[in-house]
Amino acid sequence: MNKKWLNSLQTRTPQEGFELAIKLAQKGVEYTQPSEAIRKKLRPKYSRDPDSLTMASQVIAINFQTVAAANDYWRRRTKINY
Amino acid sequence: MNKKWLNSLQTRTPQEGFELAIKLAQKGVEYTQPSEAIRKKLRPKYSRDPDSLTMASQVIAINFQTVAAANDYWRRRTKINY
Amino acid sequence: MNKKWLNSLQTRTPQEGFELAIKLAQKGVEYTQPSEAIRKKLRPKYSRDPDSLTMASQVIAINFQTVAAANDYWRRRTKINY
Amino acid sequence: MNKKWLNSLQTRTPQEGFELAIKLAQKGVEYTQPSEAIRKKLRPKYSRDPDSLTMASQVIAINFQTVAAANDYWRRRTKINY
Amino acid sequence: MNKKWLNSLQTRTPQEGFELAIKLAQKGVEYTQPSEAIRKKLRPKYSRDPDSLTMASQVIAINFQTVAAANDYWRRRTKINY
Amino acid sequence: MNKKWLNSLQTRTPQEGFELAIKLAQKGVEYTQPSEAIRKKLRPKYSRDPDSLTMASQVIAINFQTVAAANDYWRRRTKINY
């Protein structure tokens, strides 16, 4: 359907994992409202509403659970110390 | 009850898994409101409301947790590199 | 308290598992509002409100996580191919 | 603080597990609003609001995830068939 | 930052685990609104709103998932019977 | 994209883990609304709305699930008693 945007859930660092979670949250919105023009029009509204921001942070948190589990919480990384 | 629409939670790639999560979210709506005519009428409203879009993205995120776990987060795929 | 309606979380297929998740979501409502007459009266309202439908889909998604885990995501089924 | 109301998360059947999940959801409300008189007054309102009922079903679903995991999804029960 | 309030997620009983989940939910509020005076002023409002109570119960349920997992669902406790 | 703010999900104590969960919740907001000026303007509103506070506590709870799992619920810590 869509062009390729998600190759893997593995990331090098937890921060990149968090940024992937943000991308997944955005993609969930994009698949529901494909028009970039409409999405841009909505942005000023929700980005100044505190509850909308909390809700956005919640979707990121849910996706971050998935990404973190996929990376075994980056546990091994701590040991091998790269 | 319904005709067959879900054969497996296994997908080849994470992106196909994400798209299956979207399908599961839509099916949850369809079972609750089976009339396609009514669902289409509701679409313009919620697809222009930022909080509705965030909520839709959240249901996708929850379903993606399930699909990703079902695929062991596509970990093996990385190794065998197909 | 209630008569028997849930014997097992195991289902033969993922789709039957999804339908069980729907049943669990409905039962959560029924235990909270036991009157079928009242529930029927509420139906026209929420089944035409897009956010209510998304919320319903979310409860199904949460229950589907449980049912899918209970069935080990129907992984073995794929192999034995029945 | 409170008198004893929760001895175990283990239940004999999935249905008893679901009913325990309902009890946990109610207890979450009771600890927040200890007055039974006030809680009873609120009941007519939320039990006739479809979104309130969906939200109640969602809290039950979240608690049922916990109870089901605590019982290993009643998997062994299926085998020993009591 | 804060003085010590959380030493361990392990509790002796499931009920103490539930009460710890309540504490975690309250702490989430306290870190966001540190003023006890303001929090007390808000209490009469949300503790009489049924949806606010359901939302509070939901946060407790999410934290209880964490605490219950941390205690392996108090499974061993059942066996050794202390 | 962003400068480094998340090195690891591992923390020494559960309380530090809870505080990391708060940071993750805030970062989810910051990535969505990068302007600190706007975020500060929104603060007085949501920090006095009880439902906004409950929602904030919920996002913290979801992130705490991730952090707690990443630390194996600080179980070993209890034994070695440092």
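For reference, chains read A, B, C, D, E and F in written order, and residue numbers begin at 1 within each chain.
We take it that contacts are C-beta pairs under 8 Å (C-beta built on N, C-alpha and C of every residue); 3 or more make two chains touch, one makes a residue touch a chain.
This structure is a prediction, so every number in the text was calculated from the model and none was measured.
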Note the connected groups of chains, using the touch definition above, after excluding chain B. one piece
Other chains in touch with both chain D and chain E: none
Give the label of the chain whose average Cα location is farthest from that of chain D. A
Between copies chain A and chain F, are the contact residues mostly the same numbers or mostly different, with half as the line? different
Geometric centre distance via CA averages, chain E-chain C, whole Å: 27
Provide the C-alpha centroid distance between chain B and chain E, rounded to the nearest whole angstrom. 31
Two or more partner chains touched - positions in chain E: 51, 55-56, 58, 62, 65, 69
Based on the touch definition given at the start, go ahead and assign the chain network to line, ring, star, complete or other. ring
Reading round the ring, first chain B, next chain C, what is the order of all the chains? B, C, D, E, F, A
Sort out for me which residues of chain C touch chain B in the complex. 13-15, 18-19, 22, 47-51, 53-58, 60-62, 64-65, 68-69, 73-75, 77-78
Taking the touch rule as given, give the residues of chain F at its contact with chain A in the complex, in rising order. 1-2, 4-10, 24-29, 31-33, 38-39, 42-43, 45-46, 51-52, 55-56, 58-59, 62-63, 65-66, 69-70
